[in-house]
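Below, each structure is written out as structure tokens.
Shared between the two complexes below is subunit A, which pairs with subunit B and subunit C, respectively.
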Partner chain A sequence: MRQVIGSGTPQDKAPWREAVARILSRHGNERGELIPILQNVQAELDYLHREALEEVARALRLSMHDVYGVATFYAQFRFSPPGRHKVRACLGTACHVRGGDDVMAALERRLGIRHGETTKDGEFSLERVACMGCCALAPVMVVGDEVSGRCTPSKVDEILARYGGGD
Partner chain B sequence: MEADYWKRGAERWKALLESDVPVIYVGAASCGRAAGAAKVEEAVRAKLGDLSPTARVVEVGCIGPCCLEPLVYVQRPGKAPIVYGDQSPETVAVVLESVLSKGDLLMDKALGVLSEGAQDGIPSFYEHPMLKPQTRLVLRNCGIIDPVEIDHYFAREGYLGLKRALSMSPEEVVEEVRASGLRGRGGAGFPTSQKWTFCRKAQGDPKYLICNADEGDPGAFMNRSLLEGDPHAVLEGMLVAAYAIGASHGYIYIRDEYPLAIERLSHALQRMREHGLLGQKVMGTGFDFDITIKRGAGAFVCGEETALMASIEGRRGMPRPRPPFPAQKGLWGKPTVINNVETLGTLPNIMRMGGAAYAGRGSEKAKGTKTFSLVGKVKRTGLIEVPFGTPLRKIIFDIGGGILNDRGFKAIQSGGPSGGCIPASMVDLEVDYERLTQAGSIMGSGGLVVMDEDTCMVDVAHYFLTFTQNESCGKCSPCRIGTRRMLEILERIKKGVGEEQDMQRLTEIAQTVKDGSLCGLGQTAPNPVLTTLRYFHDEYEEHIRDGRCRAKVCKDLFHYEIDPEKCIGCQICFKKCPVSAISGKPKGAHTIDQARCVKCGLCYQSCPPKAKAVKRADNGPDEVKG
Partner chain C sequence: MITIDGKVVPFRPGQTVLEAATEAGIYIPTLCSHPHLPPFGACRLCLVQIENVRGLPPACTTPAADDMVVRTDTEDIQRLRRSILRLILSEHPNSCIVCGERELCEKYNVCPTKAGRVTGCNLCPAKERCELRRVADYLKVDDVGYLLDYHNYPLERDDPFFERDYNVCILCGRCVRVCEEIRGVGAIAFTKRGHGTKVGTSFGISHLDGGCQFCGACVDVCPTGALSARATKWHGKPEKKARTACTLCGVGCAIELQGRWDRVMDAIPHMDGPTNQGQGCVLGRFCIPPLFNSKDRLKYPLVRKEGSLVPVDWDEAIAEAAKGLKRYEPGDVDILVSPNVTNETARMLHRLSKDILGGARIELDSQFDSLALAASRSLTGCAGSTGELSAIDRADAVLVVGADICLTHPVLRVRLNRARARGAKIIWLGPTRDPNDRLVDILVPEANYLEVLAGTLKRLASSAKEGFDALSGSLDGFTGFKGAADISEALRGKRAVALVGRGIMPHRPKATLTALWDILVSTENTSGLLLLIEGNSQGICDAGIVGENDVRRDAKALYVTSSRAEMPEGAEFVVLQAPFSSKLVERADVVFPSLGLPEESGTTTSMDGHVQEVRPVSKGPGMALADAEIVSRLVAGLGGKKLDMTTAQLGPRPVRQPLSRLYPLGVLGPEPSASPAPASPNFYRGTDIAEKVADLTVYYRYRGVIP
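On to the complex of A and B.
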């Protein structure tokens, strides 16, 4: 299930408002800019919190439920803070037939969380993706921007250890 | 003025190929990077610092054999580049040292040379078993040129197709494309010229062109590779299409999961502007055209035309009924053509060589070539391009080199979640739109996933339905509810608690979803279920009647056990087991506590080949089911 809106609150007031204002001034206020604006806001703030969405809605003269409706439709948008390291396991077809589920299971076991969750210390969050387009190297997992191919449950341990996690 | 572009391109390209210092090419597309190309490139630069500080390093896209990544080609002065595969920072240092300073070409490691003929006893790379059966038209520049160098593209006759198109009337361009027999490469295979004609004739201004780069099918990456390796080919195609339909603005709708492709496209658009290929008066003619990149936000349904347009308009990406078709009422209510990346990437070839010449390849009903991503349980995985009408056997066994670990070939899946599984008995099927449809599958965008005897077909159907059920936008009930009900049935079959009537139920719901859904997502979602029911009926029956999964994939239907006769007590599995389910003393036989076991398979994978003591055994119908 998707996260309920407003479950994360902005830590500190000024910086995020400036970031959102900067993004809004760059994009103008056409409806067609809504998704690019949300993408850039998330890139800056790591997730979309209620106050930021309200700013966007105001600027584009849209209702809050319209903006929220669009944001929740797309899998890319998050409504609570992600972990410091974003771990993604690919569950595309090629990864599936080559053991992607076992990689995901190993990640869940090692991190002690289910996909869609963040570890208590805020270090790791785990997501599933439908396909990274590196199918020839299946199964694939990603930590941050680092893509690793030909993964196995044992390789998961090695990779997580590099980021200080896994036990 | 423009004539200089090709002249300068040719000069710069020649200077690279005939460089008097060594040139090292690194395959640095996403697939290469996932295999570790970045670290290899670092090692190349470090090693060259010692060996040949003036040598050049060039990043190229993907030439296709992803299974051999990371690929490095070493070009010595006056010689064609030699291709080395499977490189690591350590091995590449050895290769550079040997080839550049010792004159030892490491014949056993060289995969081939990038030239038409052999060189120094090394055969042409194009004679490699994976490349030889291919016809590379769309992919002709991928892995060969530096994708950030527009001059390389000019040197390879880039933008000559556009030049020719702009010297013709738009009607003549449409006619040329009609003569080529080009059909949409995104899935349905609708004739491109016909789509264009509808839009040309439609009332409304402005008209829009959209490049659909929302390559959402899991298991498919043809579009990504093309955009990363040769972005100008697609952009040139966009200009040709826009000119033909009379569009003044274009959008590229691309998945956000493809950051490198987006970077390459943005860079290419910049170069085009500098060269007068974008904006006002393209190539000095009266044709104005500009392109905006729109990043998708992670919704599979946005690959569907009307949903895609809704997404560009900043709304929820939900499809709407057609008609009106986008060609009449599309983006913001204006006439719009949506073409797939590969369709557009084919246009420069057609305009350059002429429609009739292009139509000389392919099958009776499908002309030209098609790119496929060949993945799954096949020895040589990667990006390939073959003429339509090529038999599956040639693709799987000649190009792909057969099944991984020489297991038995069971099926090949085409068309992603919208496609179906074609059984091994139909391996001589010649691939084109109609033949795949007759077999119950679809061409789709070109993902081919090979499955062996260790793949469970019920699990495959379940996998795809999990995907489509999750991605269903929920607007129409046949898709929203139907996929959910089918998934529930498949879940219980996988658990071994299916009922005799379940196969009949699945067929009935599948038909309803097919007939009643609003868009292509729902209309095709049942295909994986229907084809597996049609060709692998016995596997469903085994799951339901005997509680048996012959491929040992469905975790509730099998367990791991250790053969006490064979166990050598090495304790590897004991140490690996993540849940401490294995007990046993060194050198003594080990046992698995079934209640604790999570069936991760680590013991099975890590048991030394000399012992092979860990086995997967059927649960049988009477045992407790998960």
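On to the complex of A and C.
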């Protein structure tokens, strides 16, 4: 890590900063530690935000953009805070065959976001998953813990309405 | 020896098959490899057949070996390459590449067609330099066979200097690699994956926000039209090219100027420049055309008549200037030399002051440069750096003192990055506005740097063998600063380089230089490099002009070749010779319009002593003349013998004396001197470059360099 002598920039003591510092101190400064570090940061902060990535990049002496490039390569990382209701749409084989894409398109249209994003009011976040393990119900979507099978675009409206969203 | 296509060719150890073939003049198509970059092996177009090697290995990543037998163009290979190129072209607008009417279209439809979106070569600014087209021609691809999968990414045009259209990007990765591996900046990366892969910044932020330094290296390595310089992208094919030496800072990068319509249209770093090795910076790469094609160029000689300046012909202007200067005693005349004129002009100005005007005072107009050159001459007997920039390539430790390199000498970052990659320690004392400073191992912010420097030098001095007692005594009171121990440890007994910049100006610059030179630079294996701010300060100093740069307040007549000069109140008669209009014009009695960098001939000297030729690619505006010609006419007007370029040859540079003496050392202290450095870091002939180049203003405002 780089050494700074004398007055640096004053550090604010946001809780996330302490969490990131704690994670960084557990890992070495090698580039190979990057993915485990990102996983731990996401576990603590729920998502990877810009300041956290900058902090990680600084510690590993990498470019922030490089770190972001690595993180976006993997589907497991998210870059916006999860919404109060986590909406997941399945695009696995069975759901794909049964029209999962249409369900996803309807969700994106109704919520006004793309998958991987969160609505402005923080109520809904949308993710794509590969299989929910209930292929007989395909196409499947899940809000929070509630699984809905045999979804259609019109059914999407009904489900979202129950959670106060979708208009 | 290696056999390629039946030809037995030599190779050097470490060379790849591709490099051996290229040197032997054998073409192997490639899109991702580039002479500046380490092998990558992404595009798979350079696949070759090697006897006794399974499959078709890529030539760019396969080391050449003795007795290797390589075939580069069998029908099998070409068929495979064609398939690969078709896949690449399936995501790149390709109708013009495979169009049957291409030859006629290009012959009769030569005008560059401006368009927002590139949907074919006829709408692409990179048509003349596109490598994709060259490879497609070589492989004779006349049908892509896939429907075009156009990404429909938005055009990225909100950043200064260059524009990005990732719809024509082929993901060769050259831009990402040059930014990270050569420049050490990493302002872009591959984001996402698979079909969604795109070169970009984190969270899609702007390049300004993301720490880009706008050096243009990515634009220069891009094989397609994805990246293009905004100011020049539609200028088409250059009519003229000339290799010259940039004088927008002291490094003296070799650049290739491109000209058209008698104007400079582009400037690209030259591959084998001794000081820049193919790299450039925001100033040399992007600022030359807008600066020298600026509407503020002076076009006609002007003479003040009844209070206002009126255009006249050269004879009248010269006669007027000569008449005016003759009215004054030599002691009342000051000549102020711009640090951007050529060696020849400087030499002639020197002759003018000494022989023709009988001893007029002559000064270099650059605060830091003249101070540093004068101080180094008094220390070593030879003004200037004690080594070349290449010393950085051999150093174990690089000490940067008061040099905000990312603003004043951006190209040096390339060498620093290379040194760091080798494992050298980079120690940075003083200001840095580099938003991406992961280059630095030990950083001492400006507020603390003087104490830490003094503490470091004291530690180094007291551990030196002999003769430093007096010196270390004078540094008493500067011990025990946190970090000084680490820094002196990193420097002690190592091959080190000290880079000293204008950031020392507010803090007892002479004492700092003296202490650094006597304690650190005098040791074996250590070089001290003066980061001269301006283009040809070293050359002008070598021509015999260097002083303390305080225009004498009682000068009555001034002959200035720099627009920055502060006018003494008492100046009665002012002759200004400059390429740009400025406030100074209002004070001038005679104005000579002179040529600028892309129009000039002669030589300049880089800050580490390389004398390089300056060659013109364009004509000056209006009646502007070369500085040397103007001086020569003025000499004739003053009744002297006409000087010409051949009489302006430079003598040999003095030989540097070993540092052996100790200087009474002023104690380093935080007390500011009266002359803070100007806010703007880059000048040409006294004109603030950021003032003339709108995109540079945007960049510097964003970084908080200028208000």
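In this section, the second predicted complex is superposed on the first by the 94 of 167 C-alpha atoms of A that agree within 3 Å, B and C clash if a C-alpha of one lies under 4 Å from a C-alpha of the other, contacts with A are read in each partner's own complex, and residues count from 1 in each chain.
Heads up, the rule we're going with is that a contact is a pair of C-beta atoms (placed from the backbone, for glycine too) under 8 Å apart; a residue touches a chain by one contact, two chains touch by 3 or more.
Since we're looking at a predicted model, the values are computed, not measured.
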Touched partner set for A:Leu137, first subunit B, second subunit C, both or neither: first
First, second, both or neither for A:Arg109, with subunit B first and subunit C second: first
Contacts of A:Arg50 with subunit B and subunit C, given as first, second, both or neither: second
First (subunit B), second (subunit C), both or neither touched by A:Leu91: first
First, second, both or neither for A:Tyr68, with subunit B first and subunit C second: second
Touched subunit A residues, subunit B compared with subunit C: B
Footprint overlap on subunit A, comparing subunit B with subunit C: 69, 73
Sites on subunit B touched by subunit A in the complex: 30-31, 33-35, 66-67, 69, 215-221, 224, 256-258, 294-295, 297-300, 311-318, 373-377, 381-383, 413, 416, 447, 449, 451, 455, 460, 463-464, 467, 471, 473, 576, 578-579, 598, 600-602, 605-606
Complex interface listing, subunit A residues touching subunit B: 30-36, 38-39, 69-70, 73-77, 91-99, 102, 105-106, 109-110, 129-138, 140, 147-149, 152-154
Subunit A-facing residues of subunit C, complex: 180, 185-193, 200-203, 205, 210-211, 436-438, 440-445, 447-449, 452, 482-483, 486-487
Of all residues in subunit A, those that touch subunit C in their complex: 2-8, 50, 53, 57-58, 61-69, 72-73, 79
